[in-house]
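First subunit A sits with subunit B, and in the next complex the same chain sits with subunit C.
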Partner chain A sequence: MADKVSTIFINGTEYPFKEGQTVIQVCHENGIDVPHYCYHPGLSIAGNCRICMVEVEGNPQPQISCKMQCAPPPWVSEPLKIQTESEVAEEGRSGVMEMLLVNHPLDCPICDQAGECHLQDYSYEHGGGKASTSTAKTKLPKNVPFGEKIVYDAERCIKCTLCVRFCQEVTETNELDLGGRGDEEIVIMTSKGEFETPYAMNIIDICPVGALTSKDFRFKSRLWFMDFAPSIDTSSAKGVNITTGGREGEFLRIEPRYNPGVNQWWMSDEGRLGYKFVNSPTRVKAPLVRGENGELAEALWHNAIDAAGTALRASPGDVLVDGGCTLEEMALAQELASAMGAKAKFAAATGEGDDWLITEEKGANAKGGEMLGLARAKRASAAAVLMIERDEHVNASMREKAGAVVVFALDMEQVPDSAQVVFPMPSWAEREGLLVNIDGLVQAMERNQGIGPGNLTPPVELLEELIGEFDDAYEWRGREGVIESIRAMKAFEGVPFPGDTATAEVGA
Partner chain B sequence: MAKKYPETKILSRNFGVENSWTLDVARERGAYKSLEKALEEMTPDQLIEEVKTSRVRGRGGAGFPTGVKWGFVPKENDKPKYLVLNADESEPGTFKDRYLMELDPHLVLEGCLLCAYACGLSTIYIYVRGEYPLSIERLEGAIEEARKAGFIGKKVLGKKGFDVECYVHPGAGAYICGEETGMLESLEGKRGHPRIKPPFPAVEGAFGCPTVINNVETLAHVPWIVEHGGQAFADQGIQPDPDNPKALGSSGTKLMGVSGPVKNPGVWEFEFGITVKELIYDYAGGPLDGREVKAVIPGGLSMPVLTADELDVKMGFDDLVKVGSGLGTGTAIVMDDSCDMVEACENIAHFFADESCGQCTPCREGCHWMEKIFARIKGGEGTPADLDLLERLFINIEGRTICALADAAVWPLRSIIRKFRHEFLAKMPGTDAADGEDPKAAEAETVGAK
Partner chain C sequence: MTATVKPVRRRKATFIDRLYLPAIFKGLSITFKRMFKPKVTMQYPEETWTVGERYRGVPVLVKDDEGREKCVACSLCEYVCPPKAIYIVGQELEEGNKVERGPAVFDINMLRCIYCGLCEEACPEEAIFMSKQYTVSGATREELVFNKDKLYELGGVRSKGVKKWKDK
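For the complex of A and B:
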């Protein structure tokens, strides 16, 4: 027996592989582009789309790289030699592209997937650019509701079965299957009307084409007009990595972002749709100060800060922050509270959870609050400052009974009568900062420029201003400086922060 | 014309005998003798060796050596092991297994039991084509009789440790469920989508357990092999070509059939060696009066076509491959001079488009596309460029899918458009062939113009 082969030649370069790895895995690990539709690293291998074909030296037929093992057959002692860009591979792929488009409606101008469609991308790269068919296309069902949130278009569908396999293998709820045969094959719902799983909308993301679209996002915007930013889902405390998408101030979409240690490729529907409050028409868009007539009126930022300082000096007290506030905001809230000789607390709702991505803890940074030493407010109590983002955390009873004079509020509906000064609270998609998930993993979120009213001073800056109102010697540190001081705390000793190496793996 | 080639009666020895499907008649004529012999005299390994010696090859179409297949079943494996008998005879023009199941179900069962003994299998599933109600009825009757007689159940014939159960599972009419892994999925109650391999069924087959899958006719040979020895079987038929390691020969006998416009369609059993021509003219009676044979697909629908000039080839695995076709199921489909090859192609393409399971892109989209092109040519709207397009589609469909259905679609179609190109050109307006000129000259002109 020859020694076990442990390398593979791809386009002439030798790469090592781990036992059991497939050719497409090694290609992707090394930045070699191999197109794929039915392959998903989180699901079983179906091998049905055939687009990932590569040339294997010695084989006249191109082979699918998603199923092909890097290890040669036991009787071969030489490493396999693979070509991903050769004539054989390209000819194979363009043949598949042509087949995929024979019955495809080519309705990209009205398709939500346009711009992030693998069919579009690969058609551009591997397609012939010219139609060889003049025959009528197969007609299949369109606009089929898959539950309340998803719409299916069988004509756009390339039957890669990723959605079917997701429901079989990841959620194990089996709501989807295939019906029909041949080119009349379609995806069907096997359950009555609605998905059992609260993770169903992930099939929209993994659908490589526009066959599955979100009812929520349908026809809202072309992707190339939108702004995207990496962020964290704040609807629960798992710290699911997401990408926020918005356009001209409107929050339009949340999609999960791959993190092997937290959420892999997935997120819950609740988190995905949990952005609606950000688009409220009654958002607080400018600082407000209560005038002599007793009405709140727009004010300049520095006037509002002065007024807040005055109000707080007159009636200092505790600072109660939203459990979704960032680590930096909570740390500064703590400093502001101690400058006033009071305490900082956080409020976070709890609810139903599962053993996966939906936690019973709903405060996205509740763990961070605890690590900073903030107490958890369980019921209404007095507070001088409130920071409110989501209604459910600093709830109505807490807001009304706190008697706070300075309020950071996202929505006018959240502002209690006691407020003398109101600062606009940007939503999490509009702020940058750190969150500690329920497993103690520190993760960063970035601001999406396309979401929210814009021109809102970050709460971190406002908090520093307010501390300055009490402490003349206070030196501005900025967000970076605040993070420095958090890292110096005992509770954060040895805790990796984003940017440190191997953060992503923590909490796996 | 006098019949030049003798019929042999190994598999078909009980055909035509009154009540041949009942246990009493079958036992009188020797049924289960081989099983008794094997259980008394042979170890499972000896039995596998005997089958290897016989060089019997699978009769379902692929022609894989049966003994080798049996040898793949892992011995050290705690899982139950299964035999799935492929009786989903859905290949067009093929009706040989049906004769076996209807007229000699006990021979089929005995073959299954011998396989179960050789490979250590605990359960036999017979996946019967749903459109064969009589086969299902006779098999179920035979199983009942065999169970009462102690051939099925705990301790078969008193042999300690040899427990076998047997069930009939009717199919529901899908061609793809005759593909072995599509059949396994269907047996498990799922959609008949062929599985991507590896793992192969011998390692992970039905219900995730090691599984042997054989054709009905293949296993029906085994009792005779046990009775007379593998060598006696191997001595019959066409011997392997010592110069070609791929030519494994065609040992033993084969049920061969003919359908189509011939005087006497039917099934006969021959020792391998008869030519396609002898089969069609001597036994099937040749074409109907006033007609001529135009083309023959030697085995089922899924093999390349032979023209009338190419029929002097032996019906054998390697012989037919040598002339660019294949034995397939060994049941020939004859097309005579009244057959329009364009319509034949449309019909063939329609069959495969309709039966494509829809799993792999090239087959799902390609088969239907081919059908549309043939329909267009038939309707007089085709152009010579369509034939080039078809050739390109063949390349992009053949060998690019999980199972062999796509290959099966390409082979007959490609051979027909190559061998009968003039018939296609004749339907294309503007070509010389369509204007009634000499088709061969027109063909040469178009080919040259490419």
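For the complex of A and C:
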């Protein structure tokens, strides 16, 4: 009996593999690009698109690498020898591309997927650029609504069944299935036109072509004009890793970002569509100071800081921050409160949750606030400083009853009548900082330059200025310095921070 | 190294030179002589050039012979435009329309346009053309940002070429 084979030759190089791995997995692990449509690392393997074909030495026909085990049959003692870029493999792929494009409309100028479409990419890389048939393309239903948020275009669909498998395996709600046959096979909704699952929009991301598009993002912008930045979803406390996308100040979309420890490839629809308040036309865009006539008027930053210092010295009090504020902001709020001889609190809403990515806790950094030792404000109470990002955390009654003189607000609607000085609060997509998710994992979010009015001084700097108004000996530390002092706290002893270890690093 | 300066001596103006009258009469005599000779220059703007077939004038948008906008707001011209003169916002067209997508806003800033013709070259729908219009004038900067209506007015109808959505 021969020894168990534990390696595989890919393009002449020997790679080890784990039991049960398929060829495409080993290729991707080692940075070898193998095209794929129907393969997704988070779903079962269907093997129906056939684009991932590779040449296996000793086999005259190319084989699909997504379903092919790395381990050879038990009676073979030699490792498999795979060629991913040989003539046989390329010929196979070019044939598959031609077949896929027989009925695929060439409406890339209209299609929203253009720019992130696998069919476009692989047609360019592996396609032959010509068709052997001249039959008319099949006419199928276009612009079919799949629930409230998704639009399905059957002509563009390549029937890879990724969306069907997502609904069967990940959410286990079975809303989608294939119907019809041959040319006229399309994806149909088995439920009555509505998705049960609150995770339905993930099928838009996994769709390799433009068959499933988001009603929300439809035709808003071309991908190549947008700015993207890695961030964290702040609609719940799970700390779902996301990529924010915006163009010329407008927040346009959110996509999930892979993080094996938190959300894998997925995110909830609520988080995905929870950015609308950032595009509010009544955003606070400059610091405001209440003048002698009782009206709030735009002021220069340093004048506003002086006015805030004066107002706070006249009536010091507690600092109430939004449960979505970053760890650095909360730590500085605490310092500001102690400089005024008061306490810092945070307010965070709670709501419905499930046992996956939607938590009952809605404050994205509520855990961080607790770890810093901030008390949780349950009902309206007096405060001198308010930091408001989302309406629901520091809610209307808290805002009005606090009697705060200095307010960090995102929207003019959030400013209470008592405010003497208003500072603009950048939304989470416009700030960089650390958030602690409900499981205690510290994750970093980055600023997206394409979102928001721009030119807003980060709240971290403003808070440091305000502390300086009370403490003449205060030394400016910057965000890095604040993080250093947070790490020195007892509650954060041994807690990995982003950049420390592989586990705390934001996903690829 | 310093530059070498070579002084040139000027001729001193004589009394007749300083009268200026001979020079004025000489000039006027040329003017009057030319008045009665045939004209050799083009009398612009009464007369205008007939430009060549491949002349690149103001970029314009065209409609097809059914009066539909050809542009689908794919933004390729916006992407390719070297001076970033084009600005497009797409929109979803009402249901029943054979094309899903069209431009909500299509602005060309004629103060920026360099008439390179790359927009025409990039357009997959044959919706934007370099016209033969070469006079662009306006009293304000805003006036010279041509909007969608103005561009269609200049472009008119073009029935030839790509008409993808005809039998759909």
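The rule is short, and it goes like this: the second predicted complex is superposed on the first by the 500 of 508 C-alpha atoms of A that agree within 3 Å, B and C clash if a C-alpha of one lies under 4 Å from a C-alpha of the other, contacts with A are read in each partner's own complex, and residues count from 1 in each chain.
Methods note: a residue touches a chain if its C-beta (ideal position, glycine included) is under 8 Å from a C-beta of that chain, and two chains touch if they have at least 3 such contacts.
From a predicted model like this one, the values you see are computed outputs, not experimental measurements.
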*asked:* A:Arg218 in the overlay: touching subunit B, subunit C, both, or neither? Say first, second, both or neither.
replied: second
_I want to verify the contact counts: of subunit B and subunit C, which reaches more residues of subunit A?_
B
*Which of the two partners, first being subunit B and second being subunit C, lies in contact with A:Lys81: first, second, both, or neither?*
neither
*With the two complexes superposed on chain A, say which partner A:Gly92 touches: subunit B (first), subunit C (second), both, or neither.*
first
*Who does A:Pro109 touch here: subunit B (first), subunit C (second), both, or neither?*
second
_A:Thr135 in the overlay: touching subunit B, subunit C, both, or neither? Say first, second, both or neither._
first
*asked:* I'd like to know which partner A:Asn143 touches here: subunit B for first, subunit C for second, both or neither.
replied: second
_Residues on subunit A lying within both footprints (that of subunit B and that of subunit C)_ = none
*Which part of subunit B faces subunit A closely enough to touch in the complex?*
174, 191, 193, 196, 353-362, 364-369, 372-373, 376, 389, 392, 395-396, 399-402
*Using the touch definition up top, name the residues of subunit C that touch subunit A in the complex.*
72-76, 78-79, 90-92, 95, 99-101, 124-125, 164, 168
*asked:* With touch defined as at the start, can you tell me which subunit A residues reach subunit B in the complex?
replied: 45-51, 53, 61-62, 67, 92, 95-96, 98-100, 102-103, 132-133, 135-136, 138, 158-159, 177-178, 180-185
_Help me check something: in the complex, which residues belonging to subunit A touch subunit C?_
107-110, 114, 139, 142-143, 218-222, 224-225
